[in-house]
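Remarks on the structure that follows.
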Amino acid sequence: MTHLLAASQYGASHAVTITLAMSALLFTIGLIGFLVRRNMILMFLCTEIMFQAAALAFIAFGRMRMDTGGQIFVIFILTIAAAEAALALGLVILLFRRKETLSSEAWSELHE
Amino acid sequence: MIQMLSITDTHSDSPAHAVVTSIVNAIPSPELSWTGWILLLPAISVVLTGLCCALRVKSKLPGWITVLALAGSFALVLKLYFLRGDAGAPVVVHLWDWMNFRWGDQGKWYTLQADVSVYVDSLTLFWLLFVTGLGTLIAIYATEYMESDVGKGYARFFNGVSIFILAMCTLVMADNLLLLYLGWEGVGLASYLLIGYYYKKPAAVAAGKKAFIVNRMGDLGLAVGIWLIWVNYGTIEFNTLFQVWNDMERGVGSFDKSLIPYCLMLGAFGKSAQLPLYVWLPDAMEGPTPVSALIHAATMVTAGVYLIARTYPLFALHPDALATVAWVGGLTAIFSATIGMAQYDFKRVFAYSTISQLGYMFMGLGVGTTFGAAYHTLTHAFFKALLFLTAGAIMHGFAGQLDLRKLSGLRQVPGFKLVSWTMLIGCLWLSAFPYSAGMLSKDIILVQALSGKDHGFVWLGWIGLITAAMTAYYAFRVWFRVCAGPVFYMPGEEAHDDHDAHAAPTSHASHDFHPHAPRWAMNGVLIVIMLGAFATGIPGYMELRGESNWVQVMMAHSSALAGSVQAHVTDVVNFGMNPHQLVELFGTIASLGGIAIAMYFHLLQRKSADKLRAWLLAHNSIRWIPVAMENKWYVDEFYHACIRGPAWIAGHILHFTDKHVVDGLMVNGIGRIPAALGRLFQPLYNGVLQGYATTMAGGAALVVAWVVYRWLTSGVVA
Amino acid sequence: MIQYLLLLLPLISALVIVLSSQRAAKWIALIGSTASLIAAAVFAVQFPHWTTGSFWPDLNTTPILGNFGVDLKIGVDSVSMLLVLLTVFLTPLAIAGSFSAITTRMREYYAWFMILEASMLLAFMSRDMIFFYVGYEFTLIPMFFLISIWGGPMRGPAAIKFFIFTFLGSVFTLASVIFVAVRHFDSTGIWTFAIADLVKFSSTQLSDKEQFWVFVGLMSGFAIKTPFFPTHAWLPLAHDQAPTGGSVILAGVLLKLGTYGVFRFALPMAPIGAVECTTFFAILGIIAILYMSLVCWVQTDIKKLIAYSSVSHMGFVVLGLFALNPLGLQGAVMYMVNHGLSTGALFLCIGMMYERYHTKDMEQLGGLVSKMPVWSFFMIIFTLSSVGLPGLNGFVGEFLCLMGAFVAEHDQPSGYPGVLHPWYAVVAVIGLILGAMYLLIMLGKIVWGTLREPHGDGGNGHTEHAASELPTDLNFREIAILAPIALACLAIGLYPKPLLNAVEPCVKEVLVNYPAVIDAYNAKRGLVNPSVPVKHAEVTK
């Protein structure tokens, strides 16, 4: 609460609050999707949603503090997400070729 | 007897006795730095013989290197002796700094000063003379004795001998207790290496080890003594200490001051094989016989006597300590004589006689005659070296035969005539035959003991006389068995080196065996030492005649001056006789009686000795006596059971503890805690990606929940 | 600049080794370590403070974390210098001793070895707590790999136990160091980790309780490294499993890091704490001496025997350190150097024998003198040095440690009162007998006696091991490794004076606060020191 109070000093507007709530909602959707789905492509999409939620939060806080840093970070995140998407999809395809399935449960050799 | 009485009367006005009353301050004499060569020559010999060992020299070269080095040392000692005479003032020659540092400028207690420097007084010279002299002779003897080992152990043997002479000279020349300690342990090392010379014999290896370890027990006392001296007097240099002790009063001092002589005497008892630390010396006979003669009879074992004579001013301050020395010496003398009477290995007999004679020396020191002790050291060095060297000649000739039941009549075996007769001289001297050197020196000690007023010294004198009878018996038991009687011999089971071609006689029957007689080096040395044994009688005769003699003068001008004058006693002690008369009469009876008994049992009626033994064994009430004596009173077994055994068991228990409690329970137990914790949470990590993600999200949620909870409860919200 | 060169030379050679071929690795390592030896020799010749106890060079500091006072300060006093010399002396010998023993992954082995040397040198030469700690801890990593890759059959557990055990203790050491630095910052407003500043601050400004905990914290690391009695469990296993070169460095230098730490940090930083713990640690030292001697006695594995004997010998060092007087501390420093030489050499000897017979079991081997006389000669010399025979190096340290403990009474007229009673030394001196006992028993079994060799391996090339190309007795390389150590043993034994002189001022520096502190402590126990002037009556605080 203190932080929210402090935020108001920077002029936290209603819009910021809504954006943050949106970010939280997006993140939760992404997380739940990640946890319940077994399809690796869908799981990957869910991580992307979480990424964007974080990016949204950056924008919101950047707006709140009137700091361009938040938006700079969003550009970074987008770039990295793009690069990582290319890599991850490549990996998923490789994994699919090995076991002819997209289920993440097929890859559980890490357990003891 | 009357004559003797008058002699003691003249003692007090004989010039030598009245000269010095306290120890003279030593003169720093850098011009005498050549005395360092007395040490350096054996050191060079150590290096050269070591090189011979490494280069596998196949000649007698190492032997002659050693002989030359030792002869050089002896010559230098003689030079020093003639330079200084019997009564020169002590000198200190600083060679180089050793363990020497200071942490303050206040002198005593602010430095530990132990340099490699030499303190030469008459006591040092006295010891140096016979150490280097006999050392040279025995080295010459050994060049022949060890000849079957040429190219194998020869260089190693002489390396050991050189180490020994180096260490022994360091010991007696040291100007501080720490350097003495170096020599002390150094002779122990030489002894260890030489006893274990026949390293393939397990008994020899064990004996070497035993000698070193038992000596270490004594060294412990010496080390503590050195520390106590430093704590109490702030220095360990003899010269400074003597000046301090000069000014001190008898019997005064704190508890730990009076503890010092007891610590030192423990060291002396270890090195000189006295009760209770004598057990190593008989086993030390596993070494080559020249080593037994040099180290374990003539020189090294007298280091304990030297130590007490060196610190005699300190002992003189503590009469109780001296009495302890006397009693330990006396009891050792009689105790080891009983064992010596029942041994069949004649080298062991001589070993026990060494212990016994050393007991006399300590008795002499204890009852207050350093002259007697030093003189007995000298005579003993010669006659015991002679006995061992003759024993060695017999061993050498008869393939290691040492059992006195298996040799007989050697004086008629060609080539062993000289050996037999020199051995007879040795035995006569050992059994204190009237007016032999052995008798003259022993009597001085016994007279002093019998004149003692307190501490039961009179009893000690009687113990000494009884021991003298036993000594005469066992000495002549050997001689009559081995040298007299009909000719009969069996070769030993092995030659003196078992990896030697000499071992061949084992397969031969007795009649094939040809003993090989000693040649010139051994015979020559025997003759020289025999002459020396005669010559050692001279100071005793001079003492009898009331003249000042060099042994006595030397003692009177050394740290042992307190006991250098013989007691001036004429009062009646026992049987209406004074001590001189007593010793003269009973000493003669003891010696001749012992010889006569030995003659009966071991020359004239050899069967009766066996009968006597059988009779003793047949009676249950007394059978323990011969059994115990033959088994050396089970002292080794006792030590084994009481010290080594428990320690060994403790070692196993502690090893078990270390492995299973300290390491197993404590360390590995603690090490298992994280693993156990990990196993608790293992189900969360099932290998499925979502499982990990859930855990992560759950963890994050817990953290968030905790932070929110803190927020809500911290009151900031309100 | 020579000091930086000395530090960098091993690192550079490690780099070159990584880039070179497997065959060249050992030669580069040998050249690199020899170059370090030469650099250290030049350093030692230039070193101007052999008898003054000051540090040199004192000027160069390179700020690394300037805000927190972490500077790279390199400088040695004569004690550090001696240990540096010990390190650079033993490293080339240990490397040469690995030539025929290490036949796999040679590049890595020698690279790790050089890194190990660099980190040891950093620990000894650093004058900054953090850099000492970095060097001290970093030795674990190369050692971990040396044991776990080239070690014996139990190498895995040995390496892990070694690493975790010693690491665990050092965490507390670091905590103590940081605590002192924070307190220093609190009271002066300056961040520094310079040893001299922290020592001065800690010994004079901290309260009794703080000093006590600082001391306990420091000791918990050093005690494990040394190791003191109950924390030695890692050592027998690690020594036993390490390759020969590793054992040599482990016994020769790494153990000394612990006692060096006590000497350089624990004792000067917290005199009050040290005095309160003196009795405790002295008893631990005595237990180590006696207990380990008895354990040695029943060992059948010769390498384990020597490993356990190290713990026993370190007990003498502990006793000497806690004598808290010049005699004891001198003895402790001398013992560190001498133990490094003689035990390192014993491990080398055992390694040479192991390469020929592939066993370390004393029940299977015996009487080697008839087959390997030269080896036996060296074995006897180093064993006697370990036994503490006067005239060889071991005696100097051992005697001074024990004598120091003996004279550490409250009423000493030597200007340095102590806390212990003479009985401590008298009990510990039994260790001399036990030491002679187990070492001579070892000699008796393995050197003397009739020849016993393990079946099927005569040591003469009957097996297909690469090492069986070795001759029956030592070859020239092996003699060249052992001979310098033997000469050093003899030289130190006969002329320890330069070393004693060099160590003496440093010892005084360490003990500067002690007489007053000990007098105060003893007065609290009702023991008055009659011979100390009144000026000692109040503690400098």
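Per-chain residue numbering starts at 1, and chain names A, B and C are given in the order in which the chains are listed.
Please note the rule applied: a contact is a pair of C-beta atoms (placed from the backbone, for glycine too) under 8 Å apart; a residue touches a chain by one contact, two chains touch by 3 or more.
Just so you know, these numbers come straight off a predicted model, no measurement behind them.
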{"item": "Central chain (by mean CA position)", "value": "C"}
{"item": "A-B against B-C, pair bridged by the larger set of C-beta contacts", "value": "B-C"}
{"item": "Centre-to-centre distance between chain C and chain A (centres being mean Cα positions), rounded to whole Å", "value": "55"}
{"item": "Mean-CA-position distance for chain B and chain A (Å)", "value": "89"}
{"item": "Centroid spacing, where centroids are CA-atom means, of chain B and chain C in whole angstrom", "value": "37"}
{"item": "Residues of chain A engaged with two or more neighbouring chains", "value": "none"}
{"item": "Residues of chain B defined as touching chain A within the complex", "value": "682, 685-690, 693-694, 697, 711, 716-717"}
{"item": "Interface residues, chain C side, partner chain B - complex", "value": "161, 164-165, 230, 232-234, 236-237, 291, 294-299, 326-327, 330, 367, 369-370, 373-374, 384, 389-391, 395-396, 399-400, 402-403, 406-407, 409, 412-416, 422, 425-426, 429-430, 432-434, 436-437, 440-441, 443-444, 447-450, 494-497, 500-501, 504, 507-508"}
{"item": "Residues of chain B that touch chain C when the two form their complex", "value": "53-54, 96-104, 106, 108-110, 112, 116, 178, 181-182, 184-186, 189, 192, 196, 199-200, 202, 205-206, 208-209, 212-213, 216-217, 219-220, 223-224, 226-227, 230-231, 234, 256, 499, 647-648, 650-652, 654-655, 658, 662-663, 666-667, 671"}
{"item": "Chain B contact footprint on chain A (complex, rising order)", "value": "1-2, 31, 34-36, 38, 43, 104-105, 107-112"}
